[in-house]
Amino acid sequence: MFTHTHALQYEAKPDGPDANYARRLQEVLGGQWGEMTVATQYLLQGWNCRLPGKYKDMLLAIGTEELAHVEILVTLIDRLLDHQPLKPDSADHSKESAAAYGQSNPQHAIVNGGGAYFRDSMGLPWSGGYVTASGNLMADFHYNATAEMMGRLQVSRLYNMTDDKGVKDTLRFLIARDHYHQMQWLAAAEELKADGLDNIPVPAAFPLDEEPPEFAYAFLDASDGPDAANGRWANGPALDGTDNQLTARPIAANADAPILPPGDPRLYGTPP
Amino acid sequence: MFTHTHALQYEAKPDGPDANYARRLQEVLGGQWGEMTVATQYLLQGWNCRLPGKYKDMLLAIGTEELAHVEILVTLIDRLLDHQPLKPDSADHSKESAAAYGQSNPQHAIVNGGGAYFRDSMGLPWSGGYVTASGNLMADFHYNATAEMMGRLQVSRLYNMTDDKGVKDTLRFLIARDHYHQMQWLAAAEELKADGLDNIPVPAAFPLDEEPPEFAYAFLDASDGPDAANGRWANGPALDGTDNQLTARPIAANADAPILPPGDPRLYGTPP
Amino acid sequence: MFTHTHALQYEAKPDGPDANYARRLQEVLGGQWGEMTVATQYLLQGWNCRLPGKYKDMLLAIGTEELAHVEILVTLIDRLLDHQPLKPDSADHSKESAAAYGQSNPQHAIVNGGGAYFRDSMGLPWSGGYVTASGNLMADFHYNATAEMMGRLQVSRLYNMTDDKGVKDTLRFLIARDHYHQMQWLAAAEELKADGLDNIPVPAAFPLDEEPPEFAYAFLDASDGPDAANGRWANGPALDGTDNQLTARPIAANADAPILPPGDPRLYGTPP
Amino acid sequence: MFTHTHALQYEAKPDGPDANYARRLQEVLGGQWGEMTVATQYLLQGWNCRLPGKYKDMLLAIGTEELAHVEILVTLIDRLLDHQPLKPDSADHSKESAAAYGQSNPQHAIVNGGGAYFRDSMGLPWSGGYVTASGNLMADFHYNATAEMMGRLQVSRLYNMTDDKGVKDTLRFLIARDHYHQMQWLAAAEELKADGLDNIPVPAAFPLDEEPPEFAYAFLDASDGPDAANGRWANGPALDGTDNQLTARPIAANADAPILPPGDPRLYGTPP
Amino acid sequence: MFTHTHALQYEAKPDGPDANYARRLQEVLGGQWGEMTVATQYLLQGWNCRLPGKYKDMLLAIGTEELAHVEILVTLIDRLLDHQPLKPDSADHSKESAAAYGQSNPQHAIVNGGGAYFRDSMGLPWSGGYVTASGNLMADFHYNATAEMMGRLQVSRLYNMTDDKGVKDTLRFLIARDHYHQMQWLAAAEELKADGLDNIPVPAAFPLDEEPPEFAYAFLDASDGPDAANGRWANGPALDGTDNQLTARPIAANADAPILPPGDPRLYGTPP
Amino acid sequence: MFTHTHALQYEAKPDGPDANYARRLQEVLGGQWGEMTVATQYLLQGWNCRLPGKYKDMLLAIGTEELAHVEILVTLIDRLLDHQPLKPDSADHSKESAAAYGQSNPQHAIVNGGGAYFRDSMGLPWSGGYVTASGNLMADFHYNATAEMMGRLQVSRLYNMTDDKGVKDTLRFLIARDHYHQMQWLAAAEELKADGLDNIPVPAAFPLDEEPPEFAYAFLDASDGPDAANGRWANGPALDGTDNQLTARPIAANADAPILPPGDPRLYGTPP
């Protein structure tokens, strides 16, 4: 259960309106790697977590914080939309605004009446499919770390797309939190390993001796780039705690060309 | 440019048809974490890679191998669809087949005439949005490692959902490759760091002194689970190479409740 | 069964081409609240209606009219696309057209060859999921009233985004029909109530004594905005015909924190 | 900003596992009219609301409560998934379980490892496009009332699809809240009108004298159902506060068949 | 503009309810190749057609007929849903119904209250993206012919999935119309050619001498299947009216491996 | 199984960067009719093909070639993105770039860091639903011919939207291959007929005497366009090899208005 306070976790006050930039910010609100994704993902992983204690508690704490980031971004976008040119000519007192008009999102005005929504910078709605909660915390924590990397990367790029000091101040906060959260998920993944709850390869509980070993340690080269095997991934000990060595060899076929039987004639496929 | 051989990288021959299981296998062919995703993702990351050499070469090699896995799964599903009951009564010589009929995918017959397609186990089409190529290899390699974890996890679950020896043999191959690929991406991420190309937090090139430091090292607790801060993520040195310490504190507001200005009356929002 | 006449229900003739505005008009053709939605929705509600007579007859009449609105908008957009600049420089004889070029939809030229299509102003395809036909006319009529409000709101906003007299004339017609249709659905909802076919809360046939009464009449306040309970919704008699009073109280937990049992080990979740 | 408590707003404890029913419950978690929709919709309407005071405060309070409903449904589904048959034969100790196996969602096991997710009962991901925040509270409150009608309708139907007493107890709570929320949004719409903030037709601020009056008060009959005009919608005074009378007439064309000019030859359409 | 009559173009009366089959029929109502697609596609092609006369008139006539097919299928599905088991046990008086229960679509009951909707047999909403109106009638007519082939193929398969005489009678009508419509579009494509409006390759107006001729007449073999070039496509005169000969040769690279320049450092890609 | 060479099938080197045009090219990479579609479609048709020999071999050869076209387009877009203005003012040294800035795709920078992705020119992700493999080669080959027509049409339009000589050179190659591939699929469809594998109407194996003959040869006119029946499709011998004549008549109803029985009261529809 949640309670809400109107006060913001961090200030979200641009120096002035900028409909072009409002459209771009939608990416980190409603895009695949935006705040909606991490908020609902960490909460879902927390609710679904069948292991009580620190991991579950932490997931629900972070997910709840991310809801505040959603709120911050919505507020920032709303204020950037305080003025949006409705026609090309009103946009055209300068070439700058001509360019910006072209980039602005018409749905911000037509659909939302000057407000944010849950879509990305190209207008694609946010999808519940962005959320992963696999039931395996090791896989999920690696995904969460990735999400924070992608998030920090995108906000850093957006940071270079504006000169608005108020906007940049808010972005600095989000970048710092993404910094912390990267460390958090990597630390949590390490702790899972230390707690004996999983290991590489994930899931550790699948028995390694069910795997054909000739395929578990070899880089199979299927392209003619000369340096493909010149990395740690094809040399040195395996990273799974066994004493196998990583190697490389060209890709090869291990089975004949398949011959499929005729199809069911009631399906009217091309007859054989 | 590619060339193709009809011979398969690995055998894909079930002992018998099983339309129920064919539907389930669609998840690892056309689902978010399926072979279509990793094949097209590694190729796109390779093509887009602006750094020539081992990373680019490796990406294109692996992406090409994954195309062979797509082929293997399509073939496996096709054979599992050699017989699909068209009506409930034809499915009902046993309770087992009644159950299986219920789970089978009607599009396998109506749309494909007894063949696989690029959708997941619930019929959702594969999406180009599943593919991430951020231009930042460190973020991408973490994502790739995650993809292989999710892939191996799903195939391992599918392994427990069938007794067909032929199917299980193919799945063992896929599980082994996902095992290797997990190690590969983690090794490649380490090597990027060793090569000085990026670091934690990603992207390392964004200057840390732009971040407000009070938000970069603190777990902010927004839930009442008692153990949320009892982990490495809230204790000990930072994981970013600085000498900061990780700490925890309750979440708190840092800005007043926002007051938005009135909207543009030409948009007919509720007037203030 | 339908028949069609080439003559239009209302004129759709802009004074001149405007590819920027053509893109914007897509919202009320192929967007969530556009003419495609209401046309197919009212027809589907009519076809699915299991109650013969005035409601079914009216639904099919209105749905058929809305098909004419689809035709009007397609024609309007087609004419606005009579000229679309194919390159930035051909767009740039004035700053106005530079702005407009930026906003124009490239698919109008590349995909459609200068014609409308069933997508919204950001290029998202119209979805059958926009259509609701719940089988309960009271719920559906409220939804229909909403759809006409959203439609009239969007067209009114679009009205302020152009100076083209021909376009504005067509929009005035659409606004007038949305005006009438709002009244129509609200009147129909009242008539359903008068006919004894349903009531508040919808569906009236679900027995009220199955509900826990302490949750059926109370505003539960979960945020710290001071005025949340200062409205009719937390004061005065219930709107459901019972003699209950509406009240307000802070939100509160009514159950312990959930503890989930361990998962099935064959699914390789994190073990407890 | 939000804070979270692990205690639930209401109990969510089924008497036993039921994977078939878990799949069905996804509809009211991640479907168009599910708890994800109302939670994020009311919050977004509240954040975007440019009118400070009771409406904004109330929206944020209710949106926050709905997050607790999301949590309740996730927990309920998780527990219903405590056991999910992995193969048809394990499902087949009775005919009942054969039927149930057929209905169960394979992604609950393969993708989530025995947990809920943000998709509907047919596996379609929840979409940010389900959320409407138009900037016009009158239109939005009608939509919100509709959402609660659809929600209560769907939960009432689900109530008749199970005999599990624990599930039914949770559903009764949700039905009661949907009961209250229906009254709340209808009361709020009335209050907006009383406060002079909008009126029928929405948006009242669009000047009525811009509308062609012959289209604002007439039912236009386009179908041959004999009773289409036998309702309040075609008889009696208008519902917009003017003294116009509602009437009916057959639909008629008001413009000639359109003739489109030839297309741009550089687009290679069929030449005229 | 359209008018509607309640009488059906053809009877749609199943002998009895069958929720399993109702779900399957959704494919040809709301699937990619269903009646919604052809109805809206032919209408859109007709409205967008910039060439007045027989082609435009014919397109609008056929599109209007297809609306009647939508109506027929909705009615058929509605009647098949006259009874839908709500629980597994009510489905289980026989093994047949256990199988059928598993296949039934829960949204038919939960969302629609026993009615059809615009989704396919796996619950994917119909998409405006299914509709193609390219502005080039030759390309569109080939697409239309394909649509009728796919439609007839799917209905023929569905014909083999039921024993209900009423259903089969309706399907025979639909199959016959798809038969006629295949001939119609092929004839229309021939007539376009005879009228000198387009030709192979489409669009004929693009000048052939802009093409590099060595790539316009050769089968390039990129796979090791021995018979790939043993067909008309690699032997004999070209089909475009020129006197070129079709040939075959192995695929070959014609350009060096690409080297991409370094990316913009402000985007924080991996530096070169 | 595939192998890859870094060398390109054809050069993909623009004369200079052009972010506006890069966005447009996405249409033929990741749009419905783009290279991703044909590559994966021909491969899937080949893998699923149950008839060994020339058709299967040819499908796999062409599908593999199309993968090289995907690679070419990705490379072309990457190079066009070598410079993308990050802010309106940096775009505004000329009116041209103001226009171009407005059209550029912000995700190219924010999400991809200056690279292509699998979406269309409006940012809609490529969908596995674009791929059709019906199991019936005659239907599929007609679809493939259509795909090449649409592809060549779109590339020809794009050819007229740029003056960049390098880009135009690559497009000429793609146009030539689409030229050849149109002929190829039409030839293959003819050969299927000559080989006795299918015929018009597709599927020929469905017995014609199951069809009601009065609906198999008649154009049914449902619109008032005067020339709708003045074409080959309503005159002359049938195109299916029978000696029937094509005719025309107005559309007519053949069944009464449907009356649906009352719904299940447990679904709370409006009672009759």
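Order as written gives the chain letters A, B, C, D, E and F; numbering starts at 1 within each chain.
Definition applied: a contact is a pair of C-beta atoms (placed from the backbone, for glycine too) under 8 Å apart; a residue touches a chain by one contact, two chains touch by 3 or more.
Quick caveat, the model's predicted, so the values are computed rather than measured.
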Quickly list, by label, the chains bordering both chain A and chain B.
C, D, E, F
Every chain in contact with both chain C and chain D is listed here as A, B, E, F
For the identical-sequence pair chain C and chain F, what's the CA-based rotation angle in degrees, nearest 5?
120
Please identify which of C-D, C-F or D-E repeats the interface of A-B; the criterion is that more than half of the contact pairs agree.
C-D
Do chain D and chain F face each other with the same patch, meaning over half of the contact numbers show up on both, or with different patches?
same
Comparison of B-F and B-C by number of C-beta pairs in contact, larger one
B-F
Separation of mean Cα positions, chain F and chain E [Å, integer]
11
Distance between the CA centroids of chain A and chain E (whole Å) is 34
Distance from the mean Cα position of chain D to that of chain B, given in whole angstrom:
30
What parts of chain B, by residue number, touch at least two of the other chains?
1-9, 32, 48, 50, 55, 57, 60-61, 64, 68, 75, 78, 86, 95, 97-99, 101-103, 109, 111, 113-114, 119, 122-125, 127, 129, 134-136, 138, 153, 156-157, 160, 203, 206, 222-223, 225, 251, 253, 257, 260-261, 263, 266-269
Among line, ring, star, complete and other, which one matches the pattern of chain touches?
complete
Any idea which chain A residues touch chain E in the complex?
153, 156-157, 160, 225, 257, 266-268
Enumerate the contact residues on chain F facing chain E in the complex.
5-13, 32, 53-58, 60-62, 64-65, 68, 75, 78-79, 82-84, 86, 109, 113-114, 124, 127, 129, 132, 134, 136, 138-139, 142-143, 145-146, 148-150, 152-153, 156, 159, 172-173, 175-180, 182-188, 190-191, 200-203, 206, 208, 210-213, 215-223, 225-233, 238-240, 246, 251-258, 260-261, 263-264, 266-269
How about chain D: which of its residues touch chain A in the complex?
1-9, 30, 36, 40, 43-44, 47-48, 50, 57, 60-61, 63-64, 67-68, 71, 74-75, 78, 111-119, 125-129, 131, 133-136
Chain F contacts chain A in the complex at 1-6, 48-52, 55, 86-89, 91-92, 95, 97-99, 101-107, 109-111, 113, 119, 122-125, 134-138, 192, 197-198, 203, 205-206
In the complex formed with chain F, which residues of chain A make contact?
20, 23-24, 27, 31-33, 95-103, 120-124, 153-154, 157-158, 160-163, 222-225, 251, 253, 259-263, 265, 267-272
